[in-house]
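The data blocks that follow each hold one structure.
Look at the two complexes coming up: subunit A is in both, with subunit B in one and subunit C in the other.
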Partner chain A sequence: MNKQLLIDSSKCTGCGLCELACAISKTRQCQPQLARIKVWRDETRGIFVPMTCLQCENPPCANACLMNVISKENDKGLTVRRLEACIGCRACQVSCPFDASRYDYIEDVVVNCDHCEGNPECVKYCPSGALQYCSLAEAIDCLRNVEAKKRCIDSGL
Partner chain B sequence: MSKFRGYAGFILEVNLSNHDFRHKELASEFCRDYLGGIGFNAKIIYDEVPAGIDALSEENILVFGVGTMVGSTFPTSSRTEVSAKSPMTGRFGTSNSGMFFGTQLKNAGFDALVIKGQAEKPSLIFIEDGEVSIQDATRLWGKDSWETLDILKNQYPGAEVALIGPAGENLVRFACIENGYYDAWARTGLGAVMGSKNLKAIVVRGTQGITPFNAGALLQVSVKARQLIESSPFFKPFKSYGSMNAAMPYGNFKALNAHNFSQGCLPDWKQNFDRPQVEKLIKGHVACQSCIIACAHWVDIKEGKYQGLQMKDMEVTPTTSYGSGCGIGLEASVKAAEMSQRYGMDMVSTGGVIAMAIELYNRGIISQEDIGYGLAFGDDDAILHLMDDIAHRRGIGTVLAEGTMRAAKQFEGGDSSAMHVKGLEIPMIDPRGRWSTWSFGILTNVRGGDHLRCRNPIENLRYNENKHDFRKERFGFDQKMYDALDMPDALKTQAIDLESDTVDIAIMSRWAEDLINLFNSVGVCIRPPVEHRIGPTVIAEAFTAFTGIKISAAQVMQSAERTWNLIKLYNLREGELPEDSKFPQRFYEQEISGKVLDEERVQEVLQQYYRSRGWDMLTGKPGEEKLVELGLNNLS
Partner chain C sequence: MKNIVIIGNGAAANSAVETIRKHDSQVPIIMFAREDLPEYSACALPDCLSGRVYRSQLFIKQLKDYNRMKIHTRFGYEVQHINTSECTLNSGQETIAYDRLILATGSRAYIPPVPGHELPGNFVVKTVRDIDAIMVNQPHKVLVAGSGNIGIEVAEALQFRGCQVTIVELRERILPRIFDKEPASRIHKILTTKGLEVITGERILRISGDERVESAATDRRLIPCDTVIWAAGVKQNVEMASAIGIKTGELGGIQVNSFMQTNIDSIYACGDCIESMNMLTGYPSLNMLWPSAKRQGQVAAFNCLGQKVEYEGAISFVVEDIYGITAVSMGMTSDALGAEDIQILEGENHNQYWRVLLVDDRIMGMQAIGISSGLGAMMALMKTRTPVSQFRHTLADSALFKKAAWYLPAQRFLNA
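Presenting the complex of A and B:
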């Protein structure tokens, strides 16, 4: 079963460790802009949402790509790029509804999350449990637990 | 990509008088001797600020020193230190804040920002990836800090902003520099220094990146540090409830600032400020850069007079300052915090000066005619009105805006109500109610009456006794906690006596001050779980992994000690006298639940502290031997 990157933004505290861990492991630079994950912050409302590639089934970035470098990898369901052919035009960035195509200014290419070969760095460093890496079944279990807990609290159990 | 590792590599010097910019490259000896953050600030200010200047004149220098580890994955490394000569104390003024400003400044290419001179008209400095410009900020002058931020964050998306509110513009002596919406470099009146330079804001955006010397080792030491912090018994309480954990124990000890230090704790403190009441307002946690604790709370007031107010708040010091010091309710204390943020005023000093005004009013020294309205502890409308008057220097606000020490001199008999040490208002803790390394630290703090530069890393909040004539506090932990403390063995046996289960306050103070100074140099937070488990060994390891500069645990501690001594030398040069290190007379005279400070005994502990620092026991001047040891003997 394929594993998914599960994001629970209600737990996110906005510390940005996911960004730094990602940037260091991919580029050896401490620079959040170079990360494949981005924490979207609404400071005045106290809302933090980690945004990264959701590995869409029919990715708009692939449709937008001028050089046809973006495709779906069949066995894991990941959206992958042949970076050697990327011209850094950023059409994919514009087309992504989740702001998940990130421009890497060192290599002059646009990149997306690749789940770090099944061991995502961001998940390892997330201190609040907002990011989890689990199978679809585990993810559904997780959601079920949250919903069950909520109903228990609501009904005063 | 910069050739520097860990450091951005440059200090940016901006002269507002002639619009001159300079980049200075960091020298590696300078990095080793002073590390970063407060270390850089102290050296720059000692060397470049002339002795005896007026803090609000153009000769004063404002320095933003980013901690060395800032921008890395090291847990809780987000802190930036801002320093200048303080308009409150006339000594070394310095304050520390986290969030994301330091990370941006470092990524923009600078480890420190030095601001000199005075702009002709309201200005802002914009820094982006090594480029600097000074822009006109007349349109922002007069706006409160949140309005200003709304404008600047729209104009410069993704940027971080340090700015002043109306209090800073009006040179209120305890004005702070706001760090984004909800944080500030608050203490010692740095906002007034920024206001005197006609500088409204510093906008920073950086994408350059910081290259770690050894990325693998950095990640490794970060994981190790995280495990250490998580293993601290203080971690879980702090993660769930932040610094508010201290509110109830200190209330039970009768050791809070209540109604201007006239009672140890308000009778309805527990009823109004206990955890269930506070948790009704809390919705989630907010973290600074790279923090694994996230001690700050997001507060959402859903009903009542202040309905609809949302902000990051519920930090014990401001809450006690207003809630206990001025006696207002929980929701009103959030409103007062909001007003302080908008106006850009230090919450501890604002609370302190207002509490003093109310006491003077009750004593009949200030009358209703002087103010225009009545004052009373717990009257939130009057207190918020007075805050507004102070920020805009209206009516009696003109006098109070000078801070407790100066304002008290304007009223006959005012001095006995002025609760400050060296001109800086004392925060939440009352040393009469709880005598410990922490409360003693208020006396020795280089920035005046403040509690954040000296705290026993293994303070035990279960016990509160004073059996040993002010010399010791109870240790109260087991051997395992003793062993886990990262401290040189020789010093540890001196500081902690397991047999009598006590901690020597004088020796522990010196260690705690140096340790916190080290944290403020490398930009790591001093929250109890971090201060408890992270010691010089881990910091030295992380420092080496990040910067490539080989340094030992003893050397980083020595660098921190050097900085502390340098600041003390600066304060002495500015005319600090031995008798300045003294609590307000009330602490020696007025009992609180049967407890009072014994002046002679406190003085003895102070002398022991001087001795442990290698300073003259009577005058508190750093001794020649110590200065030679630290390489500070040849200063001009």
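Presenting the complex of A and C:
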């Protein structure tokens, strides 16, 4: 069963640990702007939304790429890049509706989340459980539990 | 068994064969192309000229990839004649029957009929061979005629190589088709501070020289140069199509319906050689850009295989890297929108500048300099035709907003 990176933005506190963990593990730099995940913050209302590559089925970035670097990996459903051919033109970054492609100025390439080969660093560090890496069945179980709990509380059980 | 013949080997043609192979691993595909090279990225040619990308890096496929995909290639051959009633085509060497024919003949660079344009030292930048020819010529003092995106990129690339470059533009401002006056003047300023000479509003009258290019005369001055690079636009290759009775439109491209079908049964067309529908206005437009060609190739391939897929329309989308500053134009410009009542939202912040064009509460175009994040959300809002009032309403309501969090990156561009 394929695992997916699930984001529950209602649990996110905007601490930014995921960004740091990602940047350090991927680039050895302590710079959140190099991270493949980014938390969009609306501080005044307390809304925090972690955004990363959603591995679209028909990715607009792949269509925009001038070098045909981006493709879908068939077995895992990931959007992968042949970075050795990337010329850093940023067309994919601009075409992503979720702003999930990140420009790595050190290597002059544009990168996206690759789930860290099945062991995402951001999930390990997320203190609030906003990021989870689980299969779809597990995710549905989780949702069911949450819904059940809510109904129990609503009905005073 | 169907036999699919594709004429062309550019972005549209290759996207079409990839789509066909993904969904049908058996159907015989025959590809004709004038150039005997595998697929390469035409958009990266200026980067190759500057030396930042190696020539070998340009190639997206190798010749052996075509064998692996079981495509019969006829590279270096031109199709001489197509018989539409018998569904056969002749390449001078052989006659091939087709069940479906995809025309992806593309476009060629346009050189205006200026006296002296055939002298050695005149070049265009459209194919790898053009790049090779420019490299052999070893330019020092270059005149770039035209300031479209290719013109600007080539000028920057040659300056990077150490050439002295002058850009001459016929219209009153640079990048006239993709940027409005204000952003264009900002880009103009960037170019001149980096040492490019930019001349606007002047027409090149003649190129002179005894054996090769020595100077170019405009209506106001004489510019000494050893190389002229024409970046004055492109023309569609539609001669073969019109010879067999395929209709072409007023703009000069092949007319297709939204299934990429031409007026002749079982002939499809995609890529630079067609007129596509503008996604925002619904009118036919020439949208000769890489992403549109790829999508059109996909649509043509699906319909060839018998699966009805409709093309949603083309949208202009250009990303320019100008001395490390990202300049983006998407959708339409004020000029293209014409007399319509345009509301303009402008903003700037240090080195960043953006301009959003709204018509009837909907985003019709956006131009940005120095910004690369958040534009994808704007593009999505533009494509979905989301009214800006609805966007603002969603953002103001916390509960709604959490469900449409991807709106947030676009927020700063749409604050009234």
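Just so we're on the same page, the second predicted complex is superposed on the first by the 157 of 157 C-alpha atoms of A that agree within 3 Å, B and C clash if a C-alpha of one lies under 4 Å from a C-alpha of the other, contacts with A are read in each partner's own complex, and residues count from 1 in each chain.
One rule holds in what follows: contacts are C-beta pairs under 8 Å (C-beta built on N, C-alpha and C of every residue); 3 or more make two chains touch, one makes a residue touch a chain.
Worth saying up front: this structure is predicted, and the values here are computed from it rather than measured.
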Fit or clash between subunit C and subunit B when superposed on subunit A: fit
Task: Using the touch definition from the top, say if A:Asp141 reaches subunit B (first), subunit C (second), both or neither.
output: neither
Message: Contact-wise, after the overlay, does A:Pro127 reach subunit B, subunit C, both or neither (first, second, both, neither)?
response: first
Query: With the two structures laid over each other on chain A, which partner does A:Ser10 touch: subunit B (first), subunit C (second), both, or neither?
result: both
Message: Which partner chains sit in contact with A:Glu43 here, subunit B, subunit C, both or neither? Use first/second/both/neither.
response: first
Query: Touching A:Ala21, do we find subunit B (first), subunit C (second), both, or neither?
result: first
Query: At the Cα centre of subunit A, what angle separates the centres of subunit B and subunit C, to the nearest 10 degrees?
result: 120
Query: For A:Glu73, is the partner it touches subunit B (first), subunit C (second), both, or none of the two (neither)?
result: neither
Message: Contacts for A:Ile87 in the overlay, against subunit B (first) and subunit C (second): which applies, first, second, both or neither?
response: second
- prompt: Can you give the closest approach of subunit B to subunit C, taken over C-alpha atoms and in whole Å, for the superposition?
  reply: 5
Field: Contact residues of subunit A, present in both the subunit B and the subunit C interface
entry: 10, 45
Message: Going by the contact rule set out above, which residues of subunit C touch subunit A in the complex?
response: 41, 43-44, 47, 52-53, 57, 60, 290-291, 294-295, 317, 319, 321, 326, 328, 330, 372-377, 379-380, 398, 401-402, 405-406, 408-409
- prompt: For the complex, which residues does subunit A have touching subunit B?
  reply: 10, 13-17, 20-21, 23-25, 27-34, 43-46, 48, 105-106, 125, 127-128
- prompt: For subunit A, which residues are in contact with subunit C within the complex?
  reply: 9-10, 40, 42, 45, 47, 49, 51, 60, 63-64, 66-68, 85, 87, 89-91, 93-99, 103
Query: Which subunit B residues qualify as touching subunit A in the complex?
result: 1, 71-73, 75, 100, 103, 107, 180-182, 207-212, 215, 218-219, 222, 226, 283-294, 298, 300, 310, 312
